[in-house]
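Below: a set of structures, written as structure tokens.
In the two complexes below, subunit A is the common chain; its partner is subunit B in one and subunit C in the other.
Right, the complex of A and B next:
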């Protein structure tokens, strides 16, 4: 009665084209997810690096500020004779006990180190451990008439720190 | 970052940029490794490119809120609010610090 009507045969399995399309879609989704994970890891790495740098700056600043704040006087740097500010990569001061203390930057090893010349008998000594490592630059600046204000500018891996210390003891 | 007492005056927001700061402001000049004022360096693109970029990228600025208190006999105290502002992740950030500055 209906000669043109044919019952469709039921297919089993998948064709090669379907597999290729599915693979392409999966690869596309995988690529997006993989790239997102890569970006997240990269972003996380950058955050950790900045955090480490900030920690280095904080620790180094804290150590120097504690000692500088109670120092008797700063020997270097001191403002110029024409009252202009004066900067140096080291700071030398007399601490509350009368010892001469020097914090200085060693460019070759990128370290900040501390040296002490005792008040009275004894030999000058350099601390075994550096105050901080991986420092790109550090500058101590004397900027007031009384040489009681020292600004500390530090760079660690593209992160910057700026602190001011006012000597309370002079 | 030292300034004569009489020069500590109100600096209204948005304040003065730390980069390209004019002479006589807190951050101008910034460093000087020479023995005279001729060697003073400001935070400019030419003098300190990386630090300049960092400050400019986040638009670091400072403003001052100054109140005068006098106890007579020429003695005077300034209450100085230091407001440092910057932009981070498209958000306006601010750090506040208050200090008392005596005239003597």
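Right, the complex of A and C next:
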């Protein structure tokens, strides 16, 4: 009596095949977009990390360079007896006021720390706060026999920094 | 027959719509994320630049005062450059072995949650304001620029405020002079037990260098 109505009610909606096709397309596109999105996030994070690492290197370098530049003499490292360069993970020098200052790397905490040893009565004191954190490696290199030139090499999360300091005072 | 064909196309249309939505929505989301991240990055660099510029302005203000021979240069703290507050400390550190005076300026500024400390330094060489005394400043990029101070009042005020570093230098020099090499060596070696473990292995070499270069008179 109502063949048209009956047919229409059966045909309404989507078939299982159509849903499966749509799901497959959605999954495919979602996978590609998700991968792009992941790469983009990774790239963004990498750029921020590099920026932060450069900031860490710059601040640490400046803190040390400022004090080294006015230091009296470098006590460690010094070039070897055969005049070859020598590197160390610490630098020890006599500062402007004559006291002994040590910048040293603590591998267990990946920190660069500063210690002051009085050149006279008194006990050594370590600064409460590290000079820099998240340092992967730091190397101080002596390359002149006058003990007045120090190269500072630092690595922070794959970012490198190299500075040279010449001591101005005698 | 026609109705059946139209209903077949209806199914395909739904699939097409779902497919288009599946493509367009994530693409739009991706584009928005790309834009957002680039904007964030640009804003971060902008803040870095603004902060460093502010800090350098603080340094330059201090240098200008030094050059302008203004008295009371120590009270440069907590001033404004434009809308940004900054603090500046000018710390004279005194006189070196070769009649050399060194002055340091530390300018720090803070914008939102970023904090930077930018150093600049000025060196002033004695002995006399006449001929003019040279002041050299270096900024972060080690740009060197000369300047002359030719007024006695400024130099004298700086010399009178030599700072604690120079006083401490007198103490350390006296200590070295008054101690015999063996006494000096043993006293410095005794500090080994109070040093961080990273320094202990090299301490004998350091004490050896200190002792060999100890002031004797």
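Everything that follows uses one rule, which is that the second predicted complex is superposed on the first by the 150 of 170 C-alpha atoms of A that agree within 3 Å, B and C clash if a C-alpha of one lies under 4 Å from a C-alpha of the other, contacts with A are read in each partner's own complex, and residues count from 1 in each chain.
Note that in this section contacts are C-beta pairs under 8 Å (C-beta built on N, C-alpha and C of every residue); 3 or more make two chains touch, one makes a residue touch a chain.
Since this is a predicted model, take the numbers as computed values, not measurements.
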* To do: Once the two structures are overlaid on subunit A, check if subunit B and subunit C clash or fit side by side.
  => fit
* To do: For A:143, select first, second, both or neither according to whether it touches subunit B, subunit C, the two together, or no partner.
  => first
* **Partner chain(s) touched by A:82 [first = subunit B, second = subunit C, both, neither]** => first
* Of subunit B and subunit C, which one touches more residues of subunit A? -> C
* Based on the superposed arrangement, let me know which partner A:50 touches: subunit B (first), subunit C (second), both, or neither? => neither
* Just how close are subunit B and subunit C at their nearest CA atoms in the overlay, in Å? -> 10
* Go through subunit A and flag every residue that touches subunit B in one model and subunit C in the other. => 88
* Asked: Inside the complex, what are the residues of subunit B that reach subunit A?
  -> 1-2, 29-37, 39-40, 50-51, 54
* Which residues, counting only subunit A, touch subunit C once they are in their complex? -> 4, 7-8, 11-12, 14-15, 18, 21-22, 25-26, 29-30, 33-34, 36-37, 40-41, 44, 47-48, 51, 59, 62, 66, 69-70, 73, 75-76, 78, 88-90, 92, 94, 96-100, 102, 104-106, 113, 115, 117-121, 123-124, 126, 168-170
* Residues on subunit C engaged by subunit A in the complex (per definition of touch) -> 3-4, 7, 11-12, 14-15, 18-19, 22-23, 26-27, 29-30, 33-34, 37, 40-41, 44-45, 48, 93-94, 96-98, 100, 102, 104, 116-117, 119, 121, 123, 140, 164-166, 168-169, 171-173, 175-176, 188, 191, 194-196, 198-199, 202, 205-206, 209-210, 213
* Note which residues of subunit A are touching subunit B in the complex, please. => 80-88, 139, 141, 143-145, 149, 151, 153, 155, 158, 160, 164
